[in-house]
Each structure stands twice: as structure tokens, then as C-alpha cells.
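A short write-up of the structure that comes next.
Letters A, B, C and D mark the chains as written, and numbering starts fresh at 1 in each.
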Amino acid sequence: MNNTAVLRINCPDRKGLVAAVSSLLYNHGANITHADQHQDHQAGLFFMRVEWMLNGFDLDAFTEAFRSTAAELQMQWRLNVTAEAPRVAIFVSQHLHCLVDLLHRQQAGELHCSIPLIVSNHRNAEGLARFYGVEFRYISVEPGAKADAEEEQQRLLSERAVDLIILARYMQILSPAFVREYPARIINVHHSFLPAFVGARPYHAAFRRGVKLIGATSHYVTETLDEGPIIEQDVMRISHRDQVEDLIQKGRDIEKVVLSRAVKWHLEHRILCYGNKTVVFD
Amino acid sequence: MNNTAVLRINCPDRKGLVAAVSSLLYNHGANITHADQHQDHQAGLFFMRVEWMLNGFDLDAFTEAFRSTAAELQMQWRLNVTAEAPRVAIFVSQHLHCLVDLLHRQQAGELHCSIPLIVSNHRNAEGLARFYGVEFRYISVEPGAKADAEEEQQRLLSERAVDLIILARYMQILSPAFVREYPARIINVHHSFLPAFVGARPYHAAFRRGVKLIGATSHYVTETLDEGPIIEQDVMRISHRDQVEDLIQKGRDIEKVVLSRAVKWHLEHRILCYGNKTVVFD
Amino acid sequence: MNNTAVLRINCPDRKGLVAAVSSLLYNHGANITHADQHQDHQAGLFFMRVEWMLNGFDLDAFTEAFRSTAAELQMQWRLNVTAEAPRVAIFVSQHLHCLVDLLHRQQAGELHCSIPLIVSNHRNAEGLARFYGVEFRYISVEPGAKADAEEEQQRLLSERAVDLIILARYMQILSPAFVREYPARIINVHHSFLPAFVGARPYHAAFRRGVKLIGATSHYVTETLDEGPIIEQDVMRISHRDQVEDLIQKGRDIEKVVLSRAVKWHLEHRILCYGNKTVVFD
Amino acid sequence: MNNTAVLRINCPDRKGLVAAVSSLLYNHGANITHADQHQDHQAGLFFMRVEWMLNGFDLDAFTEAFRSTAAELQMQWRLNVTAEAPRVAIFVSQHLHCLVDLLHRQQAGELHCSIPLIVSNHRNAEGLARFYGVEFRYISVEPGAKADAEEEQQRLLSERAVDLIILARYMQILSPAFVREYPARIINVHHSFLPAFVGARPYHAAFRRGVKLIGATSHYVTETLDEGPIIEQDVMRISHRDQVEDLIQKGRDIEKVVLSRAVKWHLEHRILCYGNKTVVFD
């Protein structure tokens, strides 16, 4: 992992935006390693992601100068330094395949983050958490007492200074109040090709409908269930030979891949949200 | 194309079904070239498709003998002789990509059928029809006069002894009465990954939702729009760079493939329908 | 996992094979749950896999009766009882992603086997083995002393009564003598779409050639490197943006899937080898 | 199709390249609609593609100014005006599926080009050429007289001012001398996933090897057969049920898609070649 800065910009489209940003960077001596931009012509919007080396670069001076350019051009922007690994909490219920996958990827260096916390409403992830040296917190969600559970969850998230929450097959619905605290900072995996089969038991619904492909979707969580901005989707072929149990088992492989890609892209600051969509710069 | 017979069976599951059918065929001297079966354990159903050579085989004697076996075992069945190529009518509107694809495949020998008729509510397919030597009928569908159009269509279908109707991006909705005349004999292609984006302008809906894959679905037409048994589906990756026009253009490639596969399987008597699903023996 | 028997047959094609087998099973009262067959018309070969319930079934009597049928029809055959979970040893080197994946799948019930042994020429899998309660044996493979290492490996495999060896990114080449001991019982994953990029460092070779997809292949190991019968393959799209390191990282996701599918099919007795090919009944 | 200019640049990487190009465009009042760049860090190379509107833009003045910038920064570059549709010749042999596909795509507006010429060593494409209003030339390639055939082909290509040659399943090997005349201007489709199965009859080779996926590759033609820079590849799943004939038939669907994408990208000036690779800006 290089020591770089990543700047993401989202603003009304107009002439000269790339010239303005790239010239400013050049004038500060930036060695750009990646740059990408996108225009949504219909919406009249411009998106940019640029990454450059920080060795010998005066980031404060650049930020100071950029601030006024950004104000002038009505830019919304975020500047991240890749040396600071984001802090991630994973929420999980009974099915552990996504958790196992994420923990190994983090350990193998695929995911640039630290994982200070695993939260679950079941106890079966505890051994795994201990093996990977991650704090495990069992928080049961009792009927009618979700507010209490969420209060405890939020206290922990705050104390552990968590930047990103991953719902790795966490089968509880978070309250709107909770979700509002973490805009574009909660990533969920839904086990269907959204918008098909919103809600509970999507593999059962897919089986009943007789589809020939099953899918999975990772998305940012918003207040409306399964309707947040989609980050990644994938599908897998099935046949009439597959029973519901086969769909559930085969589907896990796409859930893992689709969730881990979304997390990786988020951690590398590759995603820009606008409206209910994402731009993902690869 | 060999001279073979294809028997498809659908019945309550019980012991000895394969033994009964295969022994009967063996006793009549059948040289089986393909056989496949499937059990839906949940529904308690058994499906079988068996194909055998007809040279020197007494089909009448077998059919006679099989009829009583079938009655005894409560079998629904169909027996087809592959030497008789099914007769196909293609319905199309303005977009001709599926039509071009089907006509070339038929000419190249991929689709074992004859195509005696093309029906359209536009005139732009006329030259193509003439080039491939297929009768072209322009039948406009005027608001409030669909019944008249359908009457003329049905008369033509009947006179041309059509076995299968392909809706190759035909943008008119057939009436329930029309559909009832051709059970499991009308194949449509819908330009989305059903059940996502039912109805009109699915690419526009997909664009608005910000999906990362687009799809297409071929299915038998039933009285409820876009809800018939799915035969085949496929998808294609898109990105934030794709505008609606790109989705429409890229989607054509999956529409063609998904429709032509469904047609091919139907013509080769590989599909069994049950409930709202299909079993496709490959 | 039901208590079933699985019979796999491979013999010269002739009339009446399905009838012979299915009638014999029916006469012994078998409740067949799955049956599949395949003919290679060119090679004149017939393949069959049939699975049936064992509750109240006299397997000895059937086997006795079948033995003479099989001899008469020149059948090669294998009969397995699914209640007996095969015993698997996993060989691994430094990269643990396939191992992590297999261990979790086994624990989650996806793979019907026991795993009594992990062998490695590195020590970094030891903690993982302990976490999953599997014996770990470090066996270094010194230059010029491979025979010693293999002797120890074979002794362990024999003592632990291992049925199947999985090379889960094991980076040592097994000697022909070793391989001959386990015909169609060693499964390897090669990190390319074979036969492209045989041998060492296939991702580097793929990068140099500028391919647009990378692949992985699982296959039975034979005496000739990377040339055994292919069981499963898959690919993933890459672009000019991907460096060798990206190929290596992305490729892991296909390696895991391709290897675990092959293992699952082997454990479920779905694979028949003939010539240098496999028939995989799904 | 908008009236735009497309500039492609390939040069040694250094600081300030994006700033230099985008500032120059801004100073000339360019309304940029698409811009993309790529760095090959290992090779130390920089690639850029930028597209802008030409209404009211003084292209001559910009070109004049850019020429000196380009010289200073050691840029190789090409500037194309999208209003000028490239002129394409299609070479074809007996199998017409790619030709049918390309002709319909061009007519439907998917491919921004004119097609003044079809060349074939068989006569069966003649009717199709006439239907689409394209000149058809039958040029037989007799053993020992390839030079004569190529001379006639080159004369026609020159007279028709052809910019791009598409080998749409043209089964003759062009001589090195011919190929040298059209660097990065001949696109071929090979019916395998290169570098697997180079040379003749790749589907037969794939069948013998028992692969589980078949593929197709579109690439620029260089003097060494099947070794030019790869533009696009795709694959399709097959099974043990597929005979060679099935591979040939199924493979056509990938051949068409893979070839037409390469042609489309070439016509839209999205491809940059370097070494034996391509950068394709989407």
C-alpha cells in the first residue's frame, strides 16, 4: 500500500474542471498515479477521482489552495490519505460464510482496513473472532427492544471509532435512526439480484418463480429496505435440478464475492454516490 | 438431423418409472440416443425425455403399447417425430435484431423448423422477409381495434398451420383469448432479468435503479404479462459509463441469445412445463 | 445427507443398458432419487450414475445380482454408500485462501467428508489447522530429497486412510510414482485456463500476453504436469488497469470456486473419468 | 453520433501530462465529453483518450498548438474526427454468421462506418452483400497463387480507400507483406480463448482436451499467426453432452459478440496498442 492521497469530487459539469484540478496538482508537484473522471450528461454532473503520491508533497498547502477552487466550482469533495486504514465493524447473524471470507481477506492483505469489532445476535462467530484476534460482542435483539440493542451497538461503534459497518448476512433490520447516523457508511449484501426479490427469503422466492439465474447485490443501506445505492451485483446459473437448498448453498459464493468487492472499493475510496446510484472507479 | 422420436413424460413420481419406459423401448428394439429424467421431490413429480432412432422401429406398435402403460401410471406425455419440422411464425415490431438473428440461424441449420410467416405492425421487416423467402404480412393494430387485428392474425396462423409463435420484440400485448389458443406455444423475449422490471421500458427502469447488470428473459406467454414460465435468462455487465442508449444497444446481444436458445430447445422438444416453471433437458 | 447408494457405470454402448440397470433396481425395490446417463456416440461409450435410498434396501443382494449383469455387459463400475464420508487430506503451501475456503465449507456442511490431515511445506497454516481441529504436518521438501518427503507423506496418508488428496495451491510437483498410487484421487487447482499457460507463474504469463480474461482449472493429477482430466474451469474479466498483482488477487476468487466445486462433485461421486476427460453429472 | 474530435496519446509517463492536455483544450474552449487515461507504471507509459465537441471549436488552431506540446512531451498521437465514418472491408469465407451480424449492426446504427466492400473466396455471401447494397468481390485463392489474390485484394482496398479490414471468419492466412501494409488495421476473430488452441480447428482441439468452457478472441493481425494484440475475449460454458458440432454452433455466438465489440471500439477510436497489448477505453 503506497502512501497516497485520494481526492473525490462531485460537482455540476462545466468546462475546465479537469484542467483546474490537474493544473493545481501539477503546480504543487503531485505525482499522479491514477485519475479517472465521469460525466453524467443527462444530470449535468461531473465526477472525478484522482490519486497521487504523498512523499515530499505538501498536502496542507494543496488542501488550502484546493478549498477555494472547490468553493468556486461548487464541488462536493472528500480527501483521504491511504496511510490511514479505515476502521471496520462487521455485523453478522448465524451464517458465517461472508464473515470468514472478509476476515481472511483482511488478514491476507486484500482489504486495507483494521477490524476492531464483530457484533452478532448469535454466539457462533465467537471462536472465529478470537482466532482472528477481533473483539466479539454478542448483542441479542429482543422483540420490542431493538432500541436498546441499537443503543449498545452505537456506543460500541463510537468507542471503537468505526468508519464503516459491514452487514455480512446480519438478519436484523436497522432502524432509520441508526441508518441516518452512517450515511453511505453501511454496506449490506442482499441475497438476490435487486430489485428482484426484495425482502425476506429471496432464494425461496427465486425458486418459486423458476428463474434460471440467481444473484446477489451489495449496496449502501438507506432508510428504505433493499433500496439503497447498488455497489455491485453478480449472478450464477442454476437449473431445474437445483432445489431451494442448492440455491442457498450456491448463492453463498456470489454473496461473498459481491460483498467483498464492495468493501474493497469503499476502502480504496473508489465509490461516489449520487441520487440513488454509485459511480465506481476501477 | 437424425430421424428420431422424442417422448416427453410428466407424471406423479413412483418407483419403477424409468424401468417401465426403458424396458418397453428395449422390448421394441429402440436404439436410444439420449435420455434424461428429473424428479421434483417437493412436488412429487417425475419428468422424462427420451430420444431414439426410428430406422426400422415400429412406432405405431410402440405407441399402442405405451398408451396403456401411460394410462396406468397417470402419465401426461407427448411424442414427437423429429423428421417433421415444426412450423413457426415470427411476430415483430420495429426492432429487427432478433428477427435477423432467427432468420439467419434457421437458414444456417441451427433451428430445425420452417418459417412460413412473419407478422408485423410495421413495414420495415418486409425486405428482410423477402430476402429470406418468407411471407410477410403487415397487420396494423389500431387503438380499439386489436380484436380485428388478432382475428386476422389467427386466421393466418391457422391457414399456415403454425405450431409455434415467436414474439421477436413484438411490442403489442396479445389478448388473453389469443394466448389461450396457443398454450406453451408462444415464446416471448422480455428485455429485463425477470421478475425485475416487468412491463414497459425496462432498460429505462434499470438505468434509474442503477443496477450493475442488465438482463433478458425468454418465456412462454401466459395471460398475465411477463409472468409465464421462464425458459432462459442471461445478463451482461454494465457500468456507470453506460447511458440508457448503451443499455438498449448492449441488451440486444442478450435478447438475441436468450430468445434463440429458447426457440431451439422448444423445437428440439427439450422443454417440459409444470406449474409456472420449465424443465429444460440439455 | 440422505442414506443413499451411488452406482457409477462406464461401458461400451449397446441397446438395453438403462433398461437392464433400472429393472434390476426396481426388482430389488429401489427408490431412485437421481439418475443420469450419457452416451459418447463417437467413442461408443455409455455412462450412468444412479442414486437410490438405502432404507430397507438389501444392498448385498442387489450387489450380488448386479455383479453378473455388469460382467455380462462389460461394465466398469463403482458403488458408493453416501453414509461413509470420504477421508480427505489437504496439501498446501504458502497461499492459504483455498485452504480457508475448504475448511469453512466442510464445517458448514457443504462438503460431505472428514479432513483428518493437512500437509504443508510451510508452517503458516498451522494455526488454522488447529482452529478447525485438523492434524497439521509440516514436511519440508528439500532439493534432492523429495523422495524422503513423499515417503513420509505416503505413510501419513496410508495411516490416516485417506481417500482423496486435494492440492490447494501446493507448489511442489508430485513424483510420477506418488501420482500412480492415487489414480483419479488427487485434485489440483491450476491458476490458469488450461491448456493456456501451463507451468509456473501463469498470471505473469497471462499479463504478458495481454489476455482480457483470467481463469482457473481444477483437474485430476496425472503423471504429466497440468494435463490431467479437467473437472471444472471458470474465468473472470480483467482490463488494462490490472497489474500482475491484481491478477493474482482477483484470480484467487476463481481458484477457490473452481477447486471447491471439483471437490464437492468428487465427494458426491458425480465424476466419471474416461480417456483424458471427465463426465460430471450435476 | 455527435460531431466530436477524439485525441489518443501514448507517451513516456511524467508529471503534468493531464494538466498540459486539459489546459490546452480548455484554453481553446473545448467542451470535453469523455476523457480517460491510464498509466502502465511498470513500463513507465502514459495513455490518454479525450473526446470533445467540435461545434464552434477551431480544430486547426488547436492542432497547431498541440503539435508543439506533443513534440516536447514525446507524445505519439492520433486525432480523429468522428464525423468521418471509417471505411471498412469485410473478408469472409464460407461461414456467414459474423458477416450477417456485422451488416445488420452497421445498418442498425451500432457501428459507425461505411462498408464499401466484401471480399470472399467463396460465392455464398453474394446474395447477402446485394441485399445490404455492398459491393461483393469473389477472389479465389489458388494453391501457389496467393500473391495474385492478394494483389487484387490490395488494389481493391486501395481503390475503395479502405481504413479497416475485418476478417469475419476468413479462412485464408494473409501474407506478412499484406499484413505489414495495414498495421493495427486488420481485426481477426479466432475461435478459441487465445493463447489456448492456436491454429486450425480449435474447437476440435478443445473437444479433445475436454475443456469446460469454449472461447473466442478478437485481435489485431500481425505477421505471426494468432499472436497479435488481443482486443476482446469471451467464453461460454459447455458440458460433456456437447459434441464437436455443438461446440462449433455454440461458439458462433461468442465469435459474433467478440468480433463486433472489437470493431465497434476500433471505429470509436477507443483502442491504443503498445507492445503486444491493447488499452481499451470504455
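As a working rule, a contact is a pair of C-beta atoms (placed from the backbone, for glycine too) under 8 Å apart; a residue touches a chain by one contact, two chains touch by 3 or more.
Since this is a predicted model, take the numbers as computed values, not measurements.
Looking at C-D and B-C side by side, the one with more C-beta contacts is C-D. Taking each chain's centre as the mean of its CA atoms, A is the chain most distant from chain B.
Mean C-alpha position of chain B lies 37 Å from that of chain C.
Averaging Cα coordinates per chain places chain C and chain D 41 Å apart. Residue positions of chain C touching 2 or more other chains, listed in rising order: 41, 239, 241.
Chain contact summary for the complex, chain A toward chain C: residues 96-97, 100, 104, 108, 110, 127, 131, 239, 241, 249, 253, 257, 282. Residues of chain D that touch chain A in their complex: 15-16, 18-19, 22-23, 25-26, 29-37, 39, 41, 237. On chain C, the positions that touch chain D within their shared complex are 38, 40-42, 193-197, 209-213, 215, 229-235, 239-241, 243, 275-280.
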